[in-house]
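Multiple structures are listed underneath, in structure tokens.
The same subunit A turns up in both complexes below, where it pairs with subunit B and then with subunit C.
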Partner chain A sequence: MAEKTPVQLFHLEDKRKRYRRSDFYLRIGVLGLLFLIPFLFPSYKTVDLAMKIVIYAVLVASFDIMLGYTGILSFGHGMFFGIGAYSVAFLIGKYGDPSYFNLMLGMAIALLAAAALAVIISFLSLRVKAIFFAMITLAIAELAIVLATKLSGFTGGEDGISLSMPGIFAVSFSAGEFLGIEITGRVFTYYLILLSCLGLFIVMLRFTHSPLGRVLQAIRDNEQRAEALGYKTFIFQGISITFGCVMAALVGGLYAMWVGYVNPESCLGVFEIMLAVLLMCIIGGMGTLYGGIVGAAFYLITETFLPDLQHLARDFFPNALFLHNVLERWSLVLGVLFILIVIFFPKGVIGSVRDYLARGSR
Partner chain B sequence: MSETVLKVEGVHTFIGQHHILQGISFEVGADAVTVLIGRNGAGKSTAIKTVMGLLPPSEGRILFRGKEIQRRKPYEIARMGIGFVPEDMGVFSGLTVEENMRVAMLIEDEATYQRLDRTLEMFADLRKFWKAKAGNLSGGQKQMLAIARAIVNDTSLLLIDEPSKGLAPIIVESLIEVINRIKDHSVVILVEQNFSMASSVGDNFYILDDGIVVHSGIMAELVHDEELKSNYLGISKVGG
Partner chain C sequence: MAEIILRRWGGELAIAGAIALFLLPLLGIPGKTYLTLTIAGLAMGMLLFLVASGLSIIFGLMDVLNFAHGSLFAWGAYVGFTVFNLMMDWVEADSVLMNLGVFAIAIVIAMIAVAILGIILERVIVRRVYGNHLFQILITFGATIVLVELISVFWGPNDEVMTVPFTFRGNWDVMDVIVDRYRVICIVIGLLVYSVIKLILKKTKIGTIVRAGVENREMVQAMGHNIFLLFTGVFAVGAGLAALGGVAMSVFSLQVYPHMGSTYLLFAFIIVIIGGLGSVTGSLVGALIVGLSYNYVAYLVPWAAAGSNVIIMIVILLVRPTGLFPSGE
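Presenting the complex of A and B:
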């Protein structure tokens, strides 16, 4: 047998290591926990929190493709999330009956509308760089909110649109009990969205690990150098934006299915969505994809449970007035936690941990 | 001179308001390493950036194998077979050595993988740090990576901008060895201030001063021309 070349040896080593790495088992563990949540913690609040973490993790990952992998800051990402949510709400809420076909059609429309709009925005806006691009996308996102609010006959305005899921995903559906838990349409919807999000996340992982993903990272590091290596960077940036926006629209459709209601503030809001997504991305670590999971989990768990801390403080420390005052302003505590994370994990949690492990292995 | 690979004719280039290249002309043949030398600010780096399309010329013609390229974009020029190693090395710091090499491979075919294997045999450190982030490499290793990236494709002309800048003498020696090996496969244009390196690898030279070519010839003759070296390169013979 011929002697292996250096490149063949590297590939063999990669394959050997793939299933021996501890993070592989960590990923399996997190996935297993998410699959068991409806049975381990069946309360509405916990299942809702787990589902929102999954949805936001995928949304943050789609934003990370643009910001972390390509170096493009867009404030219009939330708008694409809203396009997906409204597409589904139009088809199974305002303009159609809840049916499987309409649900699929709503997702297909979300995909096509997001792709078309992202291509147009890329071609019109990518001529300008950095903060100017961010400002243009911010203006377009604000315009989308104004349109969704003012065109109330078409979009439901500020009142929004309520929607119901079809067949086995309807809230009223029940398939009996399993392990002492009633298997309702809500449980089926949970698994539908979990599997869909898993699929979207795997697609994004494949995308970032493909030759195309490597070129995007090269453009992020040094655009001029990437061009001098033979890449038409404008086209690659356009592909990255379009792909990220399509992913955001699809996850927006899934969000609408879960919450059963869309309105401009919750689905299009620049500050409500974009600020949270940006924070989650920075907390988790830009350019990691998995950072989206950590960032979304940290942000949503603290946002959900920090307000409860003031009740605990009143019960356990009834005379600690300063503590009560601080915990009443829980968003202040969230801000402090955010600052601490930025100080102690300058590359986000995943980025800093990876750096630490890389240093340890040298 | 053998077949002309690159011909630069009366090229003018501005950077902002500054008129850097003021009608520069030179030719590069197929079987030699050509060195552009001159003092700081003479326009050497601007000249090869202009050839690469990174700076648009306002006037003049640049012909690569007979085809005009002065209006082409850098990615088009790269795909025609011109490789570029910039002064700042331009490695992608956030990518590993492997990823840097694979980004540089415009086509992942058998021939490119053979070139990659050959390149890795030439640069042992790149094999050693294959999975390391390029941003963590030393200056010399980054320079090796930058050169390796440029030669992994079927490059017929390689532009190298001041490879010895900021490197230890021992690293410069190994660079000289590498460039001497590369010239068996590619035509090389080297921009260099380090005269010792320039004379070790160069066959022909062009001296630039204030954006024009003031002298050209065979490197072996320049090595002994103390007056020219003193006037344009600021090199004086010790004790002379």
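Presenting the complex of A and C:
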């Protein structure tokens, strides 16, 4: 191993430059901010918003593994998210007591169930054509909603399941005050989920930068060529789908822990979750992983503060009717934005900024 | 021996098997109810065929998976709803001619309006992403968001009740079998549309070019035909078929709502997977399978109705991944 391949040389070069690049510090800054949020802005609304941004960012990243890195569009990602949420809710809400063991067991079941289902679905659809995957996942996701609603004895139906966290993560738990902030179970839960999401994100980063991830990108860019080079594209696409879906299920479990409540609409809904995830992914940028953070932040912040924005617009610009209409019809604006981004900036915010910086440095 | 029989009689055996399968529910359903359910299933299948055929033709010729097809369907339903409201005295009149007239006018106006919408959609949005399946799905999905939101803008976000034309209401009683009048009309519409499409595809020059385009697009271009004009035309026809399905289905289900497209788009996807993407006959067969089985299962095991279609789809995918009728037929 005396000779280094060009790829290895490139990586070494990249590593040496790491501390001189601005985006490295940007990442550290964002992470630091997320860690300090419960102390900087202790209000319920901001902490909840920050947590949801983190959860959705990782969900979008797992979606991006399939969409941006493998070129496969799934409409069943919300279903896998829901599988994770429901398995945690079953274990510590409906069929078991809140305990650390049950919590871990719930996550393990989420992982296994999602992996099994993903393998079956990818086997069914990839045999034909990759685009069949979009249709088949849509159909199966709808079936999952129907099952979750109709089998109310098992899943709690439309009423859903409430769950409470065990031990130090319980809402009622209190560990006294620190820096003037009361340290409740919510704060512990926040850090638990933040660390877990960070872990999942790093795993996904590793996955995409591994040799396996490179093969997936090759398949995305030219499937015939990848096949001609001797890669069994079917197997690789299956691996990517399974990995992305398992990640989604784990994120779903974390989501259930934070919200403390699951129901078919909020956890399985094709049009509630899939729409949001697709928008976030496209806005942030396909094939970047980090795009999910930008997309989720943009989408969730506007969604949360939209009523305030509408009030502001009415108070400060009472005559700007166009502005009012835009804010009234926000989903329409998002839809148009979606189409425009797909046509003109298919790489999204992160990809376009990266291109711009790369052009500037040359 | 068995192989020879299969090769010689395979098609007939399959048809016999299918017939046996559809007589099977007779074991659990009384005969007269079975006939009523069959008519309901055929009617529903015909309506679903209208939606699925457009999707299937567009895919067959243009290689575009149109996720906005459902919202075009909903637009058709809403335009028909508006025409019905404007001509309410014709709808309520106790005259077959006036009722049929308003129904036909609603269908024609909805088809024209939605065909124009389809042309705009194809020219402005879909044309930019030919050849890239992923971006086609994304961009038509984006179009769905916009079109559904526009429905809420123009007509409001709530469910609206669709009035059934006066003489279409009620049942006929044929030898103690209850036959819903409107269902018969739906079956007639479906058969008419199927024969018209088949005639156009088989007998006219345009139809020949479209069939050739499904087989080999580059060759048709090389022969000097403007394939992009053809694409726009086929997209408009597909959109018009969706609108026809929308009007007929809204009268069938007695309501219109902005998200109605997604429900029927899902049915259409299942149908084209069963029948084979790109095949008109496949769409018809798939639609009838879905319509009939949905009605039988809804009677026997009500909660499993929505799941039965997905199960059939999975079985077909396992046995015959390209669908019952591979594209181009």
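The definition used in the following text is that the second predicted complex is superposed on the first by the 314 of 362 C-alpha atoms of A that agree within 3 Å, B and C clash if a C-alpha of one lies under 4 Å from a C-alpha of the other, contacts with A are read in each partner's own complex, and residues count from 1 in each chain.
The working rule: contacts are C-beta pairs under 8 Å (C-beta built on N, C-alpha and C of every residue); 3 or more make two chains touch, one makes a residue touch a chain.
Values in this document were obtained by computation on a predicted structure and should not be read as measured data.
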Touched subunit A residues, subunit B compared with subunit C: C
Which of subunit B and subunit C A:Q224 touches, first, second, both or neither: first
Partner chain(s) touched by A:I181 [first = subunit B, second = subunit C, both, neither]: neither
Touching partner for A:L33 - first (subunit B), second (subunit C), both, neither: neither
Contacts of A:L275 with subunit B and subunit C, given as first, second, both or neither: second
Which superposed partner A:L12 touches (first subunit B, second subunit C, both, neither): neither
Touching partner for A:V336 - first (subunit B), second (subunit C), both, neither: second
First, second, both or neither for A:L357, with subunit B first and subunit C second: neither
Partner chain(s) touched by A:A116 [first = subunit B, second = subunit C, both, neither]: neither
Complex contact set, residues of subunit A against subunit B: 5-7, 10, 211, 214-215, 217-218, 220-222, 224-233, 287, 358, 362
Interfacial residue positions of subunit B with respect to subunit A in the complex: 52-54, 73-75, 78-79, 84, 86, 90, 92-95, 98-100, 102-104, 106, 108, 113, 116-117, 120-121, 127, 130, 132-133, 149, 153
Contacting residues of subunit C [partner subunit A, same complex]: 65, 67, 125, 128-129, 133-135, 137-139, 141-143, 145-146, 149-150, 153, 259, 262, 266, 269-270, 272-273, 303, 306-307, 309-310, 313-314, 317-318, 321-322
In the complex, subunit A residues that touch subunit C: 67, 71, 73, 124-125, 127-128, 130-132, 134-136, 138-140, 142-143, 146-147, 150-151, 270-271, 275, 278, 282, 329, 331-332, 334-336, 338-339, 342-343, 346
